[in-house]
Amino acid sequence: MRQRYVKKRLEIIVENALVRRVLSLLQSEGARGYTVLPASSGAGDAGAWQRDDITPALGRTAILVVADEDQALRLAEAAYDLLADHATMILLSDVEVFRNDQY
Amino acid sequence: MRQRYVKKRLEIIVENALVRRVLSLLQSEGARGYTVLPASSGAGDAGAWQRDDITPALGRTAILVVADEDQALRLAEAAYDLLADHATMILLSDVEVFRNDQY
Amino acid sequence: MRQRYVKKRLEIIVENALVRRVLSLLQSEGARGYTVLPASSGAGDAGAWQRDDITPALGRTAILVVADEDQALRLAEAAYDLLADHATMILLSDVEVFRNDQY
Amino acid sequence: MPFLDAALTNLLTPMILAFALGVAAGLVRSDLSIPEAIGKAMAIYLMFAIGLKGGVAVNEQGIDSRLVLALAAGGVISFLLPFVAVALIRLLSPATDIATRAAVAAHYGSISVVTFLTAAEFLRLSGVAFEGFMVAVVAIMETPAIVAGLWIARRGGANPSLADSGALFREVFLNGSVVLLVGTFIIGWIVGPAGASEVKAFFDTPFKGVLTLFLLDMGLLAAARVRGVGGISVGLVVFGLVMPALNAVLGGLAGYAIGLSAGGAFLLAVLAASASYIAVPAAMRLALPQANPGVYITLSLAITFPFNVIVGIPLYLAGVQALY
Amino acid sequence: MPFLDAALTNLLTPMILAFALGVAAGLVRSDLSIPEAIGKAMAIYLMFAIGLKGGVAVNEQGIDSRLVLALAAGGVISFLLPFVAVALIRLLSPATDIATRAAVAAHYGSISVVTFLTAAEFLRLSGVAFEGFMVAVVAIMETPAIVAGLWIARRGGANPSLADSGALFREVFLNGSVVLLVGTFIIGWIVGPAGASEVKAFFDTPFKGVLTLFLLDMGLLAAARVRGVGGISVGLVVFGLVMPALNAVLGGLAGYAIGLSAGGAFLLAVLAASASYIAVPAAMRLALPQANPGVYITLSLAITFPFNVIVGIPLYLAGVQALY
Amino acid sequence: MPFLDAALTNLLTPMILAFALGVAAGLVRSDLSIPEAIGKAMAIYLMFAIGLKGGVAVNEQGIDSRLVLALAAGGVISFLLPFVAVALIRLLSPATDIATRAAVAAHYGSISVVTFLTAAEFLRLSGVAFEGFMVAVVAIMETPAIVAGLWIARRGGANPSLADSGALFREVFLNGSVVLLVGTFIIGWIVGPAGASEVKAFFDTPFKGVLTLFLLDMGLLAAARVRGVGGISVGLVVFGLVMPALNAVLGGLAGYAIGLSAGGAFLLAVLAASASYIAVPAAMRLALPQANPGVYITLSLAITFPFNVIVGIPLYLAGVQALY
């Protein structure tokens, strides 16, 4: 059985207009990698949105980062500060990986 | 260190044709928000499907809801009942958030 | 309250060019089902990629499999071996389901 | 042998060859594929174009009683064919469960727009005229079969989930294809030839080319379903070949009886012969989830569609022309 | 009554009827929808086509001082209209918070390309000429309103997040529409009529048809926003109807004053009257996240856009023609 | 100076200017982008169109021995060029690892369809005829270079993962572009000019416009790769400029030797000069994952493609014409 390592999965669901900023934040905070996933539609306190809309700015995108607990928390807090005024969702959960050094 | 709150992440993978119904169920059961994510293809006991197909009805979509444990379980059970006859997948897991009141 | 069962969620983020191979591996290793989710862009040690690129081969896709712990670990290790030389990410986490027999 | 000539004429168009190319590429598992968004866009384009054209034709030709008769005939045929279908399945594949049987039956009562388009192009190529209002018949035949199929299922004891039947019927009757065909038909009717000439360069001139590309996609998708044929009984495969021919006879005779031109009767035959793979599967997943989609999609897309497009269309025209 | 005639002429084009079909389909909640990628591609096509056409016109007609005047007028109008707008909102809907007020104001200073295109087609249909360089005015009017809106917000105490204002202004001034319009305008200017004739069959001939399909999509999207109207005050709805008319008067007078042709003045009126729903919402989400997008998107897309396209365009032309 | 004239003629077409616009927009980091589905659809359209056209030309002109010779020459060139390339890289950038070297070499043996299309349009603009069957040569040159590249890698000790080599070679030889080019070539051959005229309004008339839009996209994507240039050695950049010119000489001479017309020899030169960025990267990710994609994609897309399209095409034509 190969050894596994516990990491944190950080997910940030953010308006399209802000993706670039979040990615540069992640980079400047030293994230090793990230993956951006598309979202189709959604709703929350700030109302409903859908990807097919004429106004791409309201659409949302999910940004996934896997990192060591410390790093993940740091990234999460930095993202939280950056996005304080925005309709966003930041999630943290546990995840296991095989390569300890990749994150 | 900012305080974090433990919530449940509920994921429902459901046929496109049923997305509208699941979303109105979530709404009527009082979910604060949801995010819909596209899926490309898949397979299970009911056979394989792919998004590029001519028949959009067989495609699947993932619906993500973050909620308090109680609420998430209630939503999950309601979805399970609604979708009892359908080829679907309902997943629950733990997740942490910063804003306690958003969910 | 309906009974829940603990399973593993296995996620494999892999280059598009390799999706077919991973899916046949999963099938030959006996996975009951899988769901493929699109990704938009990303970056890691092997550089950045984006889905809109002219070269689809560099794009990434997420493959999700829910399975019993044993089975999930077996699948994860087999995927790890198949993808040893490739820029890939394999994640394992806990998840609960209602139908014990579906996975 | 004029039929073989006609069949060859049909076969050797870029459209049908593109379909064949798609099938071939799919069978050798090439990674050729047309993005979903493009397939959807082409379908919208094709329906917009024929709706408009049909409406313009009615604007030019005026309405006569045959329009009303054709609409009525279309609706009745769509509603009745599922009963023929379900009987035939029981005969050919007795082991198929009632829900699946009813679902398949609904598919064969409804129609395939692309089959209709291919047939209409074949008519143009053959120099045979037809009534412009046939497009409205396409729209009307999409849905009655769904009602019939669900009724058959319930009668047979396979309880359709009609809990939310209001929602179901809204989804069925207001599905995109129906709304688009009817809406653009009305637009064409209102604007007439002068108005439509404004957009002719987009909706008319390149039409056949778009249809050709669409048929390439249909070929790829049909081939992707061919593996599904292994999973269904021989009786069902036979059904997928016999049912369209039988339905074509019924449709053609109905067209003849209500006084359509040979071209119109042929198109009614083709509509009767064709099977749905968009609107009906969606409705069945909602209301008859127990029915096996592997059966109805495979039959409709991998067997009946290619049969109609390659063999059926010239065959039905020969048959109808023998009648006139 | 020539205005009613003109209104009817506008209304009964395939374009406007397609918009109406989209609205109707959306209101009955049909599942008809046009994939995002297709909507985006049509927008790119339309902007490429008019940019090119405008540049070719300038290549043919040469530049004169009116081009410079029109650009200056466009920029000034786009910057000043938000001040008019914010005053009008304060009057009509005093409860609206300052951030939302400023954001709405920015939308009405900026422009809608599709409204412009529809107006230009209406001119062609009416046989009224206009200056080719008006396309450059479209590009120039996209963004000054954003600066004005943010300035209004800051003055009112709703601190825009300008922390990263370098990035913000790059994102605003180099947004896709502006770059595409300006870039293709320059291409058209360089290649002239001979060069453009190479691609005319793609960018010119089918243009109206693409616009028709795009308006179908706009109708669907506008209808999807209609539910939002319930969430905004009556005063704001009135604003969404009065503001475009008022802006059209200002724009038309400015066009007249700087010596544009009747067609050119009309287009300036339409640009002034139209409200943004792409570039400005993006900028506001970045810089004024406190402003309520439910208000500005609904006003712009579900109220002002349909008003302009259906009622406004013939009305503004009648008004401008009365002036000349 | 006729070459400068030709270069300018090439440069000032809407096509090349659209490419330049894309590069500019990308470099200033505008958010202009063309959805992936649209890019893919345009590529399919362009390949369908030229395949068809090539087949029709062969139907009209008949086959002669030169077709067979050209196919053979194309295959041999594609297989041999990687050996030239790998030697040149070793010379210019000795530090590059063997896997990356072999992968780059494979890219330069294979071809870029868009470069070919741009060159063919340049021929039309210059009034130079060429053999219709050159399209078949495009298809045949896509893949031999992959085999050569993998062979080079293995010989050099960078073990390609050929565990599943059956799958690999199916994926390589049945990749979408090859199947589409060959398939539509055969369709064109079968239906001939009469059949193709049915779909001419879609596949021929708007062709240049689609190519123009596609080149806009290519410009955006090339610019997105420019940052990658910083990460590669100067030697590799030089390679990306010298290799295409050298390959063009070899391709042009081969075309001359086998008796092609000046137009045909020029196209063979262009094919030899062009480098793959679709089929070969996919094959290399599968079989040579150790090779650095940042190197081969950047070289092919950000250096060689722009060089060929802007400088190379007029240069190679001048060169070939000097020969005839």
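For clarity, chains are labelled A, B, C, D, E and F in written order, and residue numbers in each chain start from 1.
The definition used in the following text is that contacts are C-beta pairs under 8 Å (C-beta built on N, C-alpha and C of every residue); 3 or more make two chains touch, one makes a residue touch a chain.
These figures come from a predicted structure and were not determined experimentally.
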item: Chain F reached from chain A - shortest hop count over touching chains; value: 2
item: Taking each chain's C-alpha mean as its centre, the one farthest from chain A; value: D
item: Of C-F and D-F, whichever chain pair has more C-beta contact pairs; value: D-F
item: Chain C and chain E: spacing of chain centres that average the CA atoms, whole Å; value: 45
item: Whole-Å gap between the CA centroids of chain D and chain E; value: 41
item: Mean-CA-position distance for chain D and chain B (Å); value: 34
item: In chain E, residues with contacts to at least two other chains; value: 33-38, 40, 171, 205-206
item: Chain C, residues touching no fewer than two other chains; value: 37-38, 93-94
item: All touching chain pairs, where touch follows the definition stated at the start; value: A-B, A-C, A-E, B-C, B-D, C-F, D-E, D-F, E-F
item: Contact set on chain C toward chain F in their complex; value: 15, 17-18, 20-21, 46-47, 50-58, 85-87
item: List of chain C residues in touch with chain B within their complex; value: 1-2, 4, 9, 32-38, 61, 66, 93-98, 102
item: Of chain F, residues touching chain E in the complex; value: 12-15, 17-18, 21, 24-25, 28-38, 205-210, 212-213, 216
item: Chain D to chain B touching residues, read off their complex; value: 33-36, 39-40, 161, 164, 167, 171, 217-218, 221, 224, 228, 277-278, 281-282, 284-286, 289-290, 293-294, 297, 301
item: Chain F-touching residues of chain E, taken from the complex the two chains share; value: 35-38, 40-41, 44-45, 48, 52, 170-171, 174-176, 179-180, 183-184, 186-187, 190-191, 195-196, 198-203, 205-206
